[in-house]
Amino acid sequence: MNETLVYAVISLSAIGVISAIILYFVAQKFKVIEDPRIDIVADLLPGANCGGCGLAGCRAFAEEIVRSEDLSKLNCPVSSRDAMKQIAAAMGLEAPERDPMIAVVRCSGSRVNAPQKVIYDGALSCSFAHALSAGESGCPNGCLGLGDCVVSCKFDAIYMDETTGLPVVSDENCVACGACITACPRSIIELRLKGKKDRRIFVSCVNTEKGGPAKKNCSVACIGCGKCVKECPYDAITLVNNLAWIDFSKCRLCRKCEPVCPTGSILETNFPARKEKPGEPEIVAEKTEA
Amino acid sequence: MKTFKLGGIHPGENKLSAGAAIEILPLPTQVCIPVSQNLGAPSKVVVEKGAVIRTGQLIAKGEAFISSNVHSSVSGKVTKIDSVIDTSGYKRPAVYIDVEGDEWEESIDRSQDIISDIRLSREEIISRLNETGIVGLGGATFPSHVKLMIPEGKKAEYLLINGVECEPYLTSDHRLMLERGREMMIGVKILMKGLNVTKAYIGIERNKPDAIDHLLKISAEFPGIEIIPLKVKYPQGGEKQLIKAVLNREVPSGKLPIEVGCVVNNVGTALAVYEAVQKNKPLIDRVVTVTGKSLKKPSNLLVRIGTPVNQLIDFAGGLPEDTGKVINGGPMMGKALTSLEVPVVKGTSGILILPENESRRIPVINCIRCARCISVCPMGLEPVLLAQLSENQVYEAAEKEHILDCIECGSCQYTCPAGRPLLDYLRLGKNKVGVIIRNRGKK
Amino acid sequence: MNLLTVSGSPHVHDHQNVKSIMYGVVVAMIPAIFVSVYFFGLDSARVIFISVSACLFFEWAIQKYLLKGALTINDGSALVTGVLLAFNVPSNLPAWMIIVGALVSIGIAKMSFGGLGKNPFNPALIGRVFLLISFPVQMTSWPIPKALFSSSVTDAITGPTTLGILKEGLNAGKTVQELMANSGFPGYVNDMVGAQGGSLGEISAIALLIGAIYMLLRRIITWHIPVAYAGSAIIFSGILWLVDPTRYIDPAMHMLAGGMILGVFFMATDMSSSPMSPKGQIVYGVGAGLLTIMIRVWGAYPEGVSFAILIMNAFTPLINKAFKPRRFGEVIIKK
């Protein structure tokens, strides 16, 4: 009986010692020397690996910060400003001030505004539907409503509105990582300045067709008439390919463009209601083809 | 009986219009001719608005290596150069022509005489095919003159002519072989001269016995051309499958048929080649099958390029009440149309009208891993795995699993009992992998 | 006019869906159901009824209250699991045990992995093995079937299965020939038609073969797994039998006795838990055949089909990775 005990103890100890020796040499051979600051920075990052910084995950971002020792080009859009400052402090660097951004869906082609012309029956993937045909409304640029952006969002910040069939970005959850922008095959989503009190003005359309064909598919399409361009006192609006675009770095949110848009494709968010002006109804002028 | 070995399915044939002789569709009042109808670079418009043009006149010139000329299919006045919704539902540039009379270019021989003497040299044949804008009429619309230019270091041994028409419903090639077999055979001879080969095989599936008999009868006049009857199996019309079936040669993965010494052309292309070389007639019309179970008169029509699809349907008895889907091409590989004003293009082999109860897919449920998609895949791929990788956006892994070998025949989705959109995801994956590979080349 | 539908090709379908496949399997099992009712009386109908209703109920309840998904009891897969579970238990099993088995089959082996098509193991076999390990006495006391052409059902008398007789006898030092000459031994003909002790669905080789032919003709199953499974089992047991016919059972008896035919055609071919490529299916079948005979000959249990199939189920993902189908054009590219 005692003998068994002794043998067991001896053999187990021997195995332990041999394993320890092997492990020691293996550890020596495969040792990776890493800058300890990478761990510090990585701990301060959100760890969602969303790719919003343009690198392959949070660890890669931390490595890049430590390697380049420069924060002017590197920014984690997901981290709060304080978190970036903490990272800067840990690195002994200066974090540049950045205004918060948000993803904006530039399409108002809801089921009412852009009525269905054909039935799409296939894989629930915008990328595929985009490659297959122009989509149910016929608008070659409009939202397909199959939710590639919703799938791509790691922060639960986009959901599909069942009644309109369009995606909605949540002001609170969106961290402007840009995943949905890459996911959208039609480049409908854009990162814009979040704005004070979430107030933003933007052209909610990306259709580049001429006025006539654009209107045919969607009642709220930008027809490229250029009225807003003339109206803007700050030269913030440009018209390219029959499509107006408001430069958010120049826009002062004066709200002069929205009323002149004949199709209502310019949207304002979170502004107080306008004072009703009892005037004659706006005459909707459509741009003639030329 | 010869056929290809790996995979394959046998969908219901439904060749409703097999007995309908080719009829000539009356000229429409307006045609709309898209200027890029072929695989490759778009062509450049060479006519202006208001110009009066003749049938067969050049209206768009292909300038890149893989591109081809487009000719006017009617005579009349160019009303506008604008865009038209094509088969994909997107807008493409097109020339609109109001039809006035039918004045042909004088250089075109419009007589019915069959000219069997081939006077042009090999180089002349190639340049003639380029001038007349001949493209593959099987559906892929690859410019024919490019196919005749064999790359350096390769040698063509055989010409294969695809008379398989493995797509259900379609009968245009069948009728064409039956009614214009002799002209088609001369076209094959011309292609053989262009390729500098002495042997050609015409593969025809056994469900067209009359066409096989007819061609066997006249093939005595054409030494070097052999008719090969094939077992009915889809997708035998795929060039790799056809080569395997006829010659038992396997085109290596990622390579073209010329790798095994073969060039494949469609019977419709052979006829167009005959007309181009012997009659100097550009590609301005083609045979289109208009068919469907609810359609009054399933027909085979000789149609000028640019005629709106709804005119073909009207001629065949009008659009049925219960229409749910209109397809440009066959049911396995055709494209569903978003509008009936789409013009007939060089690649339109048929217009298929499906009733509403057949136009929706079966409900999608979980994959039950029955592996039917694997057993029917003619390329020996694992569609279920590829579709999954593509759905989860792991495109690099999909590339390693050879997603680019997929020929998009649709057998997997046809057979999937869970109704999964396998081919949808395979197509998406192929697109994305293609982009990844191109970007890799840039770096 | 209706709105046109737009979708990617293909625009036609061969009209076989999951439901038609599942009901096809049920149809294939009908002969075996009749045989079991003939030999074990209404008791076997009772077991099948309880098992099927319990499986359907658990599928419905879990889908509705736990997973909150669309209704899936119509797809027929729970029905198939129910019948197969019943086929794998003795006809005198108490109702509550059958219900527990159904809960394990549907709840643990199927729904917890995500339902239809996601289960790595055959749900009915998991249920059976769970019952076998938890209630070994009840699961191995088999009612004696009535004699082939007699009219009375022998109630409440239990006896061993064909394989059980052989295993016990061999362990006691007797030879195969002595045991088979015994009067109580069912013999080849009885094993073929079903007059042997055993789980209620496995007794009749003929009835199961009729169902198997139906499934093969309707292309619900392919030949690869059954042929590889039965082939390897026959070859392996044949080698042993040639080595010593007194100690090892002959291949024909191996095929007819126990759950071999049921396992080969109905259990091993379960789509979700078997490999996908033809090559992989053959490897899987060969493995299951070898394991079955190994367990039967050297294992503690007289029967090895369930364990063999479950073990091979565990290898399925690995087999899927290792044995890819032959690609078109790949042979030439290899140098």
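As written, the chain order gives the labels A, B and C, with residue 1 at the start of each chain.
Going forward, a contact is a pair of C-beta atoms (placed from the backbone, for glycine too) under 8 Å apart; a residue touches a chain by one contact, two chains touch by 3 or more.
Only a predicted model underlies this, so the values are computations on that prediction, with no experimental measurement involved.
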| item | value |
| --- | --- |
| Overall pattern in which the protein chains touch one another (line/ring/star/complete/other) | complete |
| Comparison of A-B and B-C (more C-beta pairs in contact) | B-C |
| Chain nearest the global centroid, as defined over all protein CA atoms shown | B |
| Cα-centroid distance, chain A relative to chain C, in whole angstrom | 52 |
| Averaged-CA centre spacing for the pair chain C and chain B, given as whole angstrom | 49 |
| Chain centre separation in whole Å, for chain B relative to chain A (CA means) | 41 |
| Per-residue multi-chain contacts in chain C, two or more chains | 4-8 |
| Junction residues of chain B - those touching two or more other chains | 89, 336, 338, 359-361, 421, 424, 427 |
| Multi-chain contact sites of chain A, meaning residues that touch two or more partners | 117-119, 121-123, 128, 132-133 |
| Touching residues on chain C, where the partner in the complex is chain B | 1-2, 4-14, 16-18, 20-21, 72, 75, 77, 114-118, 222, 271-272, 274-278, 281, 324-333 |
| Touching residues on chain A, where the partner in the complex is chain B | 117-119, 121-123, 125, 127-128, 131-135, 138, 140, 209, 213 |
| Chain C residues within the chain A interface of the complex | 3-8 |
| Residue ranges of chain B in contact with chain A within the complex | 85, 88-91, 336, 338, 359-361, 391, 421, 424-425, 427-428, 431-432 |
| Touching residues on chain B, where the partner in the complex is chain C | 6, 9, 11-12, 89, 168, 240, 244, 250-255, 319, 322-327, 329, 331-339, 352, 354, 356, 358-362, 365-371, 374-375, 377-382, 384, 402, 405, 408, 410-411, 413-415, 417-419, 421, 423-424, 427 |
